[in-house]
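Notes to accompany the following structure.
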Amino acid sequence: MTTTRDSAPTLLEVNDLHARYGDARVLHGVSLRVAEGEVVVLLGANGAGKSTLLKALSGLVDRSGGVTFDGADISGEPSARIVRRGLVLVPEGRGTFADLTVEENLRLGAYPTAATRSEVAASSDEIMTMFPILGERSTQRAGLLSGGEQQMLAIGRALMARPRMLLLDEPSLGLAPAVTKSVFETLRTLHEERGLSLLIVEQNAELSLGIADYAYVIEAGLIRVDGPARSIRDNEGLRRAYLGY
Amino acid sequence: MLIMQLLVDGVGKGAIYAALALAIVVCHRSTGLINFAQGEFATLSAMLTAVLTASGIPVWFSLGIAVVVSFIGGALIQFVVVRPTLKRPHLVQIMITIGLYICANAVGQIVFGPTPRPLDPLFPAGGFSLVGIRISWDLVGVVLLQALVITALTLFFSRTKAGLGFRAVATAPAASRVVGIRVERMHMVGWGIAAALGAVAGVSLTNLGVYVEPSMMTPVLVFSLAAVTIGGFDSAIGAIVGGVVMGVVETFATSLIPGLSGDAGMLVSLVVIVAILLVRPQGIFGRERVARV
Amino acid sequence: MSEPTRSTRLRPSGRRAIGAAVVNLIVIAALVAIPLFFEPFRVTQFTQILVVALAVMGLNLLTGFTGQISVGHSAFFGFGAYSVGVIMANTDAPMPVALAAGTAIGALAGAVIGLPSLRIKDTSLAIVTLVFGASFPALVNMFTGLTGGTQGLRVERISPAEDFPFAADQTRYYVVLCAVLVVAACVLLLDRSRTGRELRALGDNEIAAVTFGVNAPRLRIGVFTASAAITALAGGLFAVTNGFISSGTSFVTILGSIEFLTALVIGGRAILIGPLLGAAIAQLLPAQLGQESPELAHLVYGVVLIVILLLAPGGLTGLRPSTWFRSRGPELPPLPTTAPPTKGSTA
């Protein structure tokens, strides 16, 4: 809720973040903040640097600038440690292990954590209960799942690390509208029932603004606009200029 | 009967090829790189075993030490020399392993010397006869030892957390980073395991009548590379089948074709691998990769 | 960060081309002058360097253009050397004819090995060439009656006519030098031609190249054939300058392949100077150090190779002195001060 944003403690704070992807500089000093238990959406066109921002936060690309998670400076940490801290990426295009089984995919989600074998098995059971389709297909290779199922698997895998915050990269990409809707339903449930903070990168502004508390609009590697999700949704000029609907 | 005898001898040789081929496959699975120095690493491991045995340590114990030292050595070499080149063109990486081949060969010459030395046998002497086929305990031992190693390796990859991590890194490095697997560390451990497997292969070879000396593994390397090529670079099963096929083909060719002897078996293996690759470029057990524009 | 990719021309372009041309001319002048100032022993050593450089130029044609590694070029070298040796020992054919025949036989061997390269690529093909290279000595030993096997084969060496102004060692040197310069000129022309561009495209991305109408099979076999022919010519020249070949001659064993490859990597891809520099280091370093301990020389050589790969991936000729004193720069260079403001405005 927007009213809680200022009073709630900060979970993720990004200050003047620069990053590059290969030889191209993609982020030119991005600053943003996600409060504890908040859903924040990052909107922007293709190539605006949204995915790179999430990768930079996860320690997957070269970056410089300040990133604080739960009070700790994680700007120089390797991806494994960032996952252990509870900041977990659900990558674009699902990024599952296509050659491994669904169950193995889930187990890999807990890889960097110190969870024991039985704890991992318990979390895995829990997630298969949450997503029954994953339970049904636990011994199938992930590459054989449908797009929506793979997205569920990617989210389930991220949950295996017992995260405090998920970074979701285009969860609706390539999915049919009905499937997209159910993915967002799932995200809303996770947020409401588990108090998970979410930072969602999306092109589908309408749907994502619907579940977000706060929104940032990124363009050409810079934050251009930010504000409560509702006010962005209601500002017609802004929608036209940046969101194209 | 001669055919059966040749088959048995061929399988014995093939077990050695399979052992080194397995090392090459493990290395390739973890780093996507064929290590042309794998055979020389194995030679160094066998030399270490020989030196330790000569100082009075029992041969099995020496082999154990050599396996551990090889693991550490392989991992260290990956860290120091190979890791910095991982983002470079493939050509550079392969040349690095050829550089390692030259270095390892020279180190063997300098430290161990050129004189061949026998190594204490791992298995009892003698053998038995089965319906006219002569089978030595050495041969049985070597095959069993490789079977043991392969079983242990398979269990490691399929049953342990680290093994799962290896399979993840081998098939999807990008996704592995996302879930927080330290891909670089897996590469290092992969080289370590490969070197340790090589140690077993090198010492096993001495039990089939080969003395420890520099370049002892060079012909083995050629056949093992041929084995992984026909088996598929990423397939452990392929390495085993390919190794045994190479061993049998070589034994049959050099015994049955007049004028073919010694290294000339390689000519036959050349024909075999070209023929198989023409039909299946990715190897018998290899998975076809989708080409991208 | 600038990694030399296969799409980079073998020949530098633009303003640097003039500089490269000047350097090349100086090198050629030096090459011509060398035998006039050194004792026969040294001239013979330099001749061998030229032979190796020629073999490396052959390999460079394949690896430099298409990025394909061959660990079997020692066999092409061997085909050339033994064809010349066997022809001259058993027929009355004059030396130039024998050399031409040796080159042709090498080309044929290259075409045969190039055939599977239509379907087998990269590491698999490298291994096929390795097995091919490793089997060559065995092949020689199979036909001991003809080749002399491990005992070796004496070959009539190049000897100048009586009124020729140069001594025997100088004559041999100049013959090989001529071959080196002619081949370098041919490769240079190829590099500038349409075929050269197509070859590079093929090396970069075969599927894309074929889409643009490149005839991949013809080019692949062609480049393999030409590459093998050049290396076979080097082998033939080795036979008629060295006067003796055997299945133990290191150039025809897998060690030869390794030497050609390492010389290529050390020297870099500059058409003439790269192979020359690489061959000189590959030959002289072990020879100089080897007086004390040949093993130590090999170790040093291996270490040099690895260090060059780590520090100068383009080989020695890929180094540009102008960049030596410039640091590589931080991973994230500071942004221009004209960058737009970093803080977003509130709606």
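Each chain gets a letter, A, B and C, in the order it is written, and its residues are counted from 1.
Convention: a residue touches a chain if its C-beta (ideal position, glycine included) is under 8 Å from a C-beta of that chain, and two chains touch if they have at least 3 such contacts.
Note that the structure is predicted; figures quoted are calculated from it, not measured.
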| item | value |
| --- | --- |
| Centrality ranking, top chain (CA atoms only) | B |
| Chain whose average C-alpha position is farthest from chain C's own | A |
| Which of B-C and A-B has more C-beta contact pairs | B-C |
| Centre-of-Cα separation between chain C and chain A, whole angstrom | 52 |
| Chain A-chain B separation of Cα centroids, rounded to whole Å | 43 |
| Intercentroid distance (Cα basis), chain C paired with chain B, Å | 30 |
| Of all residues in chain C, those that touch chain B in their complex | 3, 5-6, 63, 67, 69, 71, 116, 119-124, 126-128, 130-132, 134-135, 137-139, 141-142, 205, 207-208, 211, 254, 258, 261-262, 265, 293, 295-296, 298-299, 301-303, 305-306, 309-310, 313 |
| Residues on chain B engaged by chain C in the complex (per definition of touch) | 34, 36, 81, 84-85, 88-92, 94-96, 98-103, 105-107, 109-110, 218-219, 222, 225-226, 228-229, 233, 259-260, 262-267, 269-270, 273-274, 277-278, 281, 283, 291-293 |
| For the chain A and chain B complex, residues of the former touching the latter | 58, 60, 78-84, 89, 91, 95-100, 104, 107-109, 111-112, 117, 157, 161 |
| Chain B residues touching chain A - in the complex, by the definition given at the top | 161, 164-165, 167-168, 171-172, 174-182 |
